[in-house]
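Labels run A, B, C and D following the written order; every chain starts at residue 1.
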Amino acid sequence: MSYATKKLAEEKVFKDPVHRYVHVRDQVIWDLVATREFQRLRRIKQLGTTYLVFHGAEHSRFSHSLGVYEITRRVVDDVFVDYPEWDNSERLVALCAALLHDLGHGPFSHAFEHVFNLDHEAYTRAIILGDTEVNEVLRRVAEDFPQKVSDVIEKTYENQQVVSLISSQIDADRMDYLQRDAYFTGVSYGHFDMERILRVMRPREDQIVIKSSGMHAVEDYIMSRYQMYWQVYFHPVSRSAEVILRKTLERAQELYHEGYTFKVEPTPFKSFFDGNIELQQYIELDETIIMTYFHFWTHEEDAILSDLSSRFLNRRLFKYIEYDPGADFKKVLELEELYKKAGLNANYYLVHDSTSDLPYDFYRPGEEEGRLPIHLLRSNGELSELSRSSEVVESISGKRRFDHKIYFPEDVLLENGKKRMLRKQILEVLNR
Amino acid sequence: MSYATKKLAEEKVFKDPVHRYVHVRDQVIWDLVATREFQRLRRIKQLGTTYLVFHGAEHSRFSHSLGVYEITRRVVDDVFVDYPEWDNSERLVALCAALLHDLGHGPFSHAFEHVFNLDHEAYTRAIILGDTEVNEVLRRVAEDFPQKVSDVIEKTYENQQVVSLISSQIDADRMDYLQRDAYFTGVSYGHFDMERILRVMRPREDQIVIKSSGMHAVEDYIMSRYQMYWQVYFHPVSRSAEVILRKTLERAQELYHEGYTFKVEPTPFKSFFDGNIELQQYIELDETIIMTYFHFWTHEEDAILSDLSSRFLNRRLFKYIEYDPGADFKKVLELEELYKKAGLNANYYLVHDSTSDLPYDFYRPGEEEGRLPIHLLRSNGELSELSRSSEVVESISGKRRFDHKIYFPEDVLLENGKKRMLRKQILEVLNR
Amino acid sequence: MSYATKKLAEEKVFKDPVHRYVHVRDQVIWDLVATREFQRLRRIKQLGTTYLVFHGAEHSRFSHSLGVYEITRRVVDDVFVDYPEWDNSERLVALCAALLHDLGHGPFSHAFEHVFNLDHEAYTRAIILGDTEVNEVLRRVAEDFPQKVSDVIEKTYENQQVVSLISSQIDADRMDYLQRDAYFTGVSYGHFDMERILRVMRPREDQIVIKSSGMHAVEDYIMSRYQMYWQVYFHPVSRSAEVILRKTLERAQELYHEGYTFKVEPTPFKSFFDGNIELQQYIELDETIIMTYFHFWTHEEDAILSDLSSRFLNRRLFKYIEYDPGADFKKVLELEELYKKAGLNANYYLVHDSTSDLPYDFYRPGEEEGRLPIHLLRSNGELSELSRSSEVVESISGKRRFDHKIYFPEDVLLENGKKRMLRKQILEVLNR
Amino acid sequence: MSYATKKLAEEKVFKDPVHRYVHVRDQVIWDLVATREFQRLRRIKQLGTTYLVFHGAEHSRFSHSLGVYEITRRVVDDVFVDYPEWDNSERLVALCAALLHDLGHGPFSHAFEHVFNLDHEAYTRAIILGDTEVNEVLRRVAEDFPQKVSDVIEKTYENQQVVSLISSQIDADRMDYLQRDAYFTGVSYGHFDMERILRVMRPREDQIVIKSSGMHAVEDYIMSRYQMYWQVYFHPVSRSAEVILRKTLERAQELYHEGYTFKVEPTPFKSFFDGNIELQQYIELDETIIMTYFHFWTHEEDAILSDLSSRFLNRRLFKYIEYDPGADFKKVLELEELYKKAGLNANYYLVHDSTSDLPYDFYRPGEEEGRLPIHLLRSNGELSELSRSSEVVESISGKRRFDHKIYFPEDVLLENGKKRMLRKQILEVLNR
């Protein structure tokens, strides 16, 4: 029997709070889970700084990755296997891509990527194709198998049904994270009838479609996603923590380029500061190392680095005000002027942050970022795009909502001492 | 209004997956949560190495501590407040002790305490009484308030009802961790009707008793605890990870005393290796630093340190066999001999681990470790000890169950190469 | 102490699967629950014929009524009590109206009301004001107390905050039934964060408003309601059962007026058939009696009555097709013609049923049926109507969706035997 | 394709709150569900009078029967199918027996059987073998198929694995009802890890055994059962309702035999009163008819019948005291004497009720009632009886616990009026 089809002597299970059990029969999957690159995901939180607002959100990308695998396995083995439109020889590549899709995430994913201008998806592919334990396992399936898995991640894989399973408007990734993040934060959003959705998914030519009898379950899923975005993912206080995290790393990089002498050499960060990252260094870096250096940095002489790292560790966050980039333009200039006079560094202590969300996105030709839309399969065999059938989805389709905020350290502005009047003036401009 | 009775302008809530919401009205509690010593608990996992078996168990002592506070608050504010036997001036000391009871836990609590011979409870008191932010907040209540809170932790506090709330056979601590650990691991044990138990708790002289109408709910709680011990807390695979963690730290300490030159100075560990720990160093050490040094140690030249730290990081654990300390005594001597011949260090690679559990413990005079037993309050006002009323509890009372295992690196013994026959012989003795 | 403020010696609780416990301290509430008119609600299902589709939906209006009471109690006692805008002397009238609001429902509520042209709300008031045990309890509070409770039900009560609690777009009634019906049917819709909504409800002049920070929780509630309507309440198969139920009662009434001799006298129905209903007869009639007479009627000689009642008892339902009242007008005439030829009674076997829903309804002056809209309370104290703030709610506001179906007995049309060709022709026109 | 193996064109599902979905692929199962005898189970409550204490417990035997079928299906199709010890040609008989095992239950099962001395299991077999729609469906599988299904119910079926699935210490019946009754009552007992138990069930010769790695899950199940018995099934207040129900029926029967003239002829009861029951009459009788006649009987002239039926309908129950059949013997004689003097009928108003439970029962030769014990399968292939491995189970094994109570109408004894002193004296003897 080939390695690709080798089964474990007995099915193994992982106890999972969201899906009850994650079932593994394939030796390949079992071996992938055991690799150091996959185990590393235990040290990267699924929701970055969100645990500083929702204290339950301490779960890692490890458990999410198992969840995405499990959902994909259920679709393929319990539903698709009965349909001739599905080519079951694609099963293993789908399962591997599901399991590995987040492999390239760096610590505190978004903040980190932002500072060092990285693309986690490119790193996922680099780990799959590079000199890694994961690559070694995948190559035992077939010489071109790592490339196939990588192509699915890149969405260029020939069989677009497989791509759709992992990455579309209603993929295994989203279905897992919505439920998982709801479970660990404890919010009551994020629930939808996944079992029903799985049962009405159908493979069809170059995509996966949903039987129209499942429309309301899909509506519920879209609304869950919408609610999770605004209630959890974009929570203004976790964005405050992200702002501080980002600014700490920026300060360290700035000092590094200025030739500042650190008490503890920032060895694990050097290649990132230099913009010359090697894969092994990328893989080694995880959130425990970031936090350890933040500890070290609280003892640094540079006041900004020491203050920011300590703020992050001890959760002394910035406050925020709403900000209208058009109308409030002058106000910002005025604030920057006041900051300068008060001896405050506006680059680190007056931070603009914006975010946006596209809760459901039907396909618009020419726009590359659009994920594939959801098509409903009517009983007469015709397809119709979801937002044309659902008033609810239509109402939130393709509408990008922006949210702008300015973050600042209220505690500093409230302190007594020198230049108190200037700081008071700043607070007044900020309307506090 | 004094600081002790100062209320927040508006009640604050933490979203909690176990209790739905944790409610805070007292300024003191709010300020304690914001201290760096309390925030540090976010970086110490509630269940140590258990997340390597139950991947959901990534939750920290931070969320557990909030949970213990919340349960105590509900008992005091919703139940006891109506009973004259309860002195409501004890409310604040009870809430503070509940919130802070785990403050002194070190990283990977049990393994770490074991290696460096520490007592986390003593450190909890040291943080409460020492030069810390927590102490500063508590002193604002009253000069002797930190000592009161510390006395509750030490169980020497005058009002034993308060001690019982935090530390007895059916205290807020246990009621929170059973439910919380069940929630995050996803196991179906750990559920019991806490709301009912809270409603039947009654303050009485120097203890807290349970109305006998709640006996079955208490039985259920005791059984939950019993199940959690054997299914989760004593899981043989997470004990394997704990064995490796312990042995890694022991190896590093051994090398340190031998004058070994580390590539990265083990600065945060030095005072621990020297057995001369200062409070600030204790507080700084958390699991992120441990993990970071384990990263560093994988690059060390010492083969044992490098191997063990890498095993922990990448979850390449030891296997185990059951072990009877009496009958198998000779077998162990034989194995040690074979290890020596095969060039394996038995101290690090043939590790005995035992554990025991006392699911419910009625009071036995003269035994100091015994927690206070549970007394049922009959409708005629008489008290009776739980295990005398409940056959189920009686069946598991005071019976210490031992479980002995020997852990070893099966992968090493299976390898090809030099001295293969000796390693094979070892496996045979191990009955693998 | 007066009866109005009399408390039970010890709080009583009902174990409730939705709210965990329903708490009762007031003697008045306890006495109301014990009345025969309230106990009667145990014999009237909350969801009529829905249990024939969702087999779990066997719960009664009794448990729903307790739930509405409990939610109202929590709002009043845990939230409103802190606000001067709330007049706490209204507490008891609010609790009583919440508990009793469904008292007048007849068996299989909608179907029954439809056939006999009844208004359950009028009967609720009649029971509160009439010669009943409920009235006797209420009068012990004060002579005008029954009238007050009745006015709340009628929405004419002076204090409109009380009316809003029981009957508005976001009242205790809806919050209970959405969660309860979801629980018993087992669907995954119907969940929303009620605890959060309760915490952001504020009494204000003549209404209850929602702090705008709770907007997303309210959106989620509105969407839950929308989903429950289309997935559960308007399920086409339970409407089929309702059609048959209605037609059975109509047939019995028709036969009664034609002077038909029933094998068992339809005594409990006579006053309904005659359109001359006395209160005591109304109260006596419940679903057990309906079902018993359906049993009797299966043995009647009239073929239509016997067939229809047997269909309902044994769940042999009608099939349905979608129907467009405009475009399909001629088709219906054709079908009626064919029915006549085939010897089928179109009045009983070709039934048009339509339904509509208004998921959220902002206030439109001049339209009487509109429930009070939901107003958000901004931090600056201003109010804004929900659908103006929420795109999602706006998308479904005030849009009445119609759904028309035609129900028919497919089994009869498929039978062999006489006039088979005609029946086949009917099926063809029905596109089956 | 034969009828036995005929599959539905598309899998059908029932939404079930306990198992999420009940899946049906077999035409036979679909047809059985549609029979009038199976639909009748909707009109028989799963927990008899328990809904008068736990108001959520309004669920019927219909949903329980589907649940038992679903669990059996999962064991057979997902677990046993992989083991050669299981003969898959037994699949259909197992599924049918699971679905139909409760078919013969009468209204308010235990009370009713008790009064008329019936055996519901015998009626289940009678319906399967008699002139019924169920029999007709089963005969389409094979002429001897009804007999096979009946033999499983009777536990005489040749393949004892099939019997064990439906009726043993850990069968599909118990696993469903514990979870279902916990869900609908809302109690926190009744939870155990069924998925784990199903995964460790193994077919073996003439029984079903449990892999010993699942011992703790089984312990948890046994304890759930124990808790449900004492918290729910034997609740003293629902036993009060049962006592009244029983006594009402006994009174009606007594009057019938005395030649009393009923206002409404008790036609559906006559064959029961006469002890000469025909199958069709048995099938027609359900709880709606019982309740309807209780309505009628409230208007009867006989004071006892009218009082008791009204008590049941309006939930005016009897109170109770504990009773020791040995020590309290004289007290009862005294009470009977006092009743006589006070003009009260002790037969109807001083009722002794006892109950007992055997939470787990290992096999004792010669005792017929013992269900098959649970055997654990060790990794070396040996079997051991559960109570020999589990201290917890051992503690409650084979110990029959008796509980005796005396029920009486406290309200009557408290009334003013004639013979008030005698009634007061009765209360004193009752220690109230």
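The rule is simple: a residue touches a chain if its C-beta (ideal position, glycine included) is under 8 Å from a C-beta of that chain, and two chains touch if they have at least 3 such contacts.
Chain by chain, the UniProt names read as follows: A, B, C, D = HD domain-containing protein.
Keep in mind that this is a model prediction, so the values were computed, not measured.
The chains in contact with chain C (HD domain-containing protein) and with chain D (HD domain-containing protein) alike are A, B. The chain with its C-alpha centre at the largest distance from the centre of chain B (HD domain-containing protein) is C. Compared on C-beta pairs in contact, B-C and A-B come out with A-B as the pair having more.
Chain D (HD domain-containing protein) has its Cα centroid 44 Å from the Cα centroid of chain B (HD domain-containing protein). Centroid to centroid, with C-alpha atoms defining each point, chain B (HD domain-containing protein) and chain C (HD domain-containing protein) lie 52 Å apart.
Spacing of chain A (HD domain-containing protein) relative to chain B (HD domain-containing protein), judged by their CA centroids, is 32 angstrom. Annotation for chain D (HD domain-containing protein): residues touching 2 or more other chains are 20, 187. Within the complex, the chain A (HD domain-containing protein) residues that touch chain B (HD domain-containing protein) are 14-18, 20, 34, 36, 39, 42-43, 51-52, 54-56, 58-60, 62-63, 66, 183-187, 284, 286-289, 291-292, 295, 313-316.
By the touch rule above, chain D (HD domain-containing protein) contacts chain A (HD domain-containing protein) in their complex via residues 13, 20-21, 195, 199. Residues 187-189, 191-193, 196, 216, 219-220, 223, 226-227, 230-231, 391-392, 394-396, 399 of chain B (HD domain-containing protein) touch chain D (HD domain-containing protein) in their complex.
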